[in-house]
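In what comes next, subunit A is part of two complexes: it sits with subunit B in the first one and with subunit C in the second one.
Our next item is the complex of A and B:
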């Protein structure tokens, strides 16, 4: 960044791409119309929204009519999970999620279970990989919905979504995928993945905050969550956030191209980070060695607090995260690492480093130097060094 | 019908693991893989979201057909050569 800050917290949020900012500024200036208005200014806004819908549909191989704009991925997830349960309410009320889902999915699961819905939680192994035998056993109970993430926000571990979707749909379940962390790193194709609903968040892929997407396959049984004046084909009420929608459209087009080059770049950054950090003693990289989206490294340092490393590094201008940013303000270790069985003496020492396409090798090299120094310092100074040694 | 085998070798087949067509084809040929599991074990392709599994299965099938066809030709040649040498009765 221009002030020398090294930003390696891209799984928390990304900087809007210049082309996104430019397009949004244009809309904020002249494109203020309400897409529902039938005069020229409204029509122009509607035209821009529909253009963005086509761009997002292109990113995930969907039809334009299957794209619903929301305010964020959390709203998309609420709509997907609550909407499917609502639509099937009279028939079945069982939902399946995994132990490593984002808090949004877990919290909707908790809410559903407080309303009498049975919520099954599928375990993962030490590498964060899903237990497929348990999936089959749970599917035998006939869940109405299976909600699963494509790439984990903390570890980057990729879930076998296509296989889960095939088995779940054979069992008669609707499948929702949280694909928030996969955009621009994997090819997301709703046909080859075989999913019914899919959530995206604009600010995780260089669009602004305040805009998300829910893909709803034609014919999927789901009811709206935000009820209003019939916008988005009656699937999401509320006047459209036109600048945000324009922004997510431009970002979708940008991220849909050049995936191979981006992957290669992020892959070499990941390898460099891992090589440098594994040189530190008592360290572990979390998540399967293969089968992770490139650009995310989740590392645990034995006996120290990850948040202490993050704060120490921040003083030297390196922005990291201890686990997920959403959980950073909450007490306790990461539920994802806990689900993976990470030992206690490592659990609280988690640090997440997440890169984006503009991250440079020089930046990750400098960040690794800072982290190495921080860990050495904390191990000398911090009384919690004795964590887990009692 | 266009064959999967004719796809550009440098094109990525498995995005999750970043494996190209050429590498997958060479793996199936070299190790004589008969299942996606074997391919994943050997070259990692297919070890992520698994949406590329049908593509890998198609490649396995095409290569098996290719082997079978090649095997048939070789058998035919051997048959003809040995047939002539032994007087041709079978």
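Our next item is the complex of A and C:
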């Protein structure tokens, strides 16, 4: 950052890529048309939206007609889950999610269960890895929908989506995947994954806030959610957020290229962070050592509050997170870490460090110094440390 | 000659001052308003400042403003959020398609909806509204100003009627800001929807004003943002843009209204000089419409070729409303006003901006006249 701030909260939100800002700036300046207007100015806007649709389709190996633009991943997730259940119109629907899904999936699950839908929650093991035997057992009950995430936002743990999707579709279920945290870190191909619906968020991969994507496989049983004047082929009403859509198109193209190089860079940052933080006493890195997306490190320090580390680090210009941003405003431990069985004395000490492609080794080294100092300081201050050991 | 854009009811160019306000949040401030660190807190403050500006424009409390991705979502939230299962609602026949789509969805789920007819001017029938209220409804939806013809509904009186009966009211006020006084009257329960891109703000953001104590069930769930009323990471830059746009509208409302009134008169005079038989739909009385929206018809000239011809000459107009222009179908608004199908398909909309120049207005009138004369069917 220009002011010396070290931003390591990229799983919460990312800074738009300069090429994204430039493209959006142009649209904000002179590309103001309404894509539904039939005059030239409207047509130019529609052309830009369709260009972005091709770019996003390219990122995930989809057809352009299978891409629906939304206002954010939360809306995509609402649309996907409620749309599938609505379209199934079963007397008693059953939906399957996992215990480590994003809050949005959990909240839609709660919403669905308040309307009589049975929601099964699959457990994970101590590494955050899905229990495939339980999956098979639950699939035997014939869910209409299975919703799983590709990479966990708190820990980076990767779900074997292709395998889950294969089993789920064999069992007759429609499969939705929350791929928000995987863009640019994993190759996402909807054919290889074999999923029916897939959600993306622009602002998690250097596009702006206010735009998301829902991939809907041709022929998938779903329904629109936000309805209006028939935009997005009748699948999402509302005047298109043209600058945001242009931005997510440019970002998709950028993130779809150079994945290997990005992975290598993020991998070396991850290794450096882990090495430095594991030197602190009473520490644990959460989530499988292998099988995580590179760039996300979730660490717990025994006996202290993660949010205290985040706040002291913030004073030194290092932006971190205590778990997910969405949960930061609330109190209580992370549902993801709880699901992984992280011991109580560690549970509240979670700190998430999430890097992006422009994060430098010097930045993570400095951040680790700040964290180390902060943890040492808090441990001298906090009486609960000694209580925890008694 | 630069292009002339007279389709402001479809969308407006972004006010450069609004863009200036947004840019820092697009370029260098990556904060998620839910994050605890300084970047997150700065984003949170920007969102809350914008909320104050939107509320101030309405003369209401900031806590009552919910940001959405646009007016369509705000209309979805209001209607699907307020109408109870199997509930009853009354809506005007001239609502925006996003409102009517929600009504149809609610009907498919067991709600009962009454369509309130309008008169030749597009004004909602008071008798039909009274009957609906007498028969008992849960929610009434009447737009403040119509996007196609500009008719201004007596929404202050309607709000009073609904309030007196304890009925919730939803008002789509998308076309109002900067064109008519926008102080929201005392409501009982109710909501008002707004769009940024119709008032010089960016696309991708809108707002729903929700009067305190009104029960609106969240539609997009999952994250608790917007006080549990609308989940999803806030679209910070666009929200900042909407706040700025509302602030400028509030500051400049009377100047914009008089500019629009003068422009409208100048444009109509210029057009009538070329095309004396041009017909205008909607109220004759200027107090019953917003200035700047002209729904016109030139007898013997079909709307679509006229619009396409003008487009080739560098003038952007619209048929009816932009959202329905994918297919040329008669406007539901004009149909409800009793305009027959032939006249309906001859209609086109000219919607001015408060900053449209006199030269542009004169040139536009000339282009319309030329294209019309080429396309006029022999009688």
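The definition used in the following text is that the second predicted complex is superposed on the first by the 381 of 390 C-alpha atoms of A that agree within 3 Å, B and C clash if a C-alpha of one lies under 4 Å from a C-alpha of the other, contacts with A are read in each partner's own complex, and residues count from 1 in each chain.
The criterion applied here is as follows: contacts are C-beta pairs under 8 Å (C-beta built on N, C-alpha and C of every residue); 3 or more make two chains touch, one makes a residue touch a chain.
Every value quoted in this text rests on a predicted model; they were computed, and no experiment measured them.
Legend: residue contacts after superposition of the two complexes on their common chain; A:210 is shown touching subunit C, with no touch to subunit B. Of the two partner chains, subunit C is the only one that A:321 touches; subunit B does not reach it. Using the contact criterion defined above for the overlaid structures, shared-chain residue A:33 touches subunit C, although it does not reach subunit B. Once the two complexes are overlaid on the shared chain, A:108 sits against subunit C while remaining clear of subunit B.
Of the two partner chains placed by the overlay, only subunit B lies in contact with A:290; subunit C stays clear of it.
Judged by the touch definition given at the top, the superposed model places A:187 against subunit B, while subunit C stays out of reach. In the superposed three-chain model, the partner touching more residues of subunit A is C, compared with the other of subunit B and subunit C.
Of all the residues in subunit B, the ones that touch subunit A in their complex are 12, 15-18, 44, 47-54. Against subunit C, the residues of subunit A that register as touching in their complex are 1-2, 5, 7, 9, 12-16, 21, 24-25, 28-29, 32-34, 36-42, 70-75, 77-78, 102-108, 110-111, 201, 203, 208-211, 225-231, 237-244, 307, 310-311, 313-314, 319-322, 325-326, 328-330. Remark: subunit C residues 3, 5, 7, 10-14, 19, 22-23, 26-28, 30-32, 34-40, 68-73, 75-76, 96-98, 101-102, 105, 195, 197, 202-205, 219-225, 231-238, 307-308, 310-311, 316-319, 321-326 touch subunit A in the complex. Residue ranges on subunit A touching subunit B, taken from their complex, read 150, 158-163, 186-187, 189, 192-194, 259-260, 263-264, 267, 290-291, 293-294.
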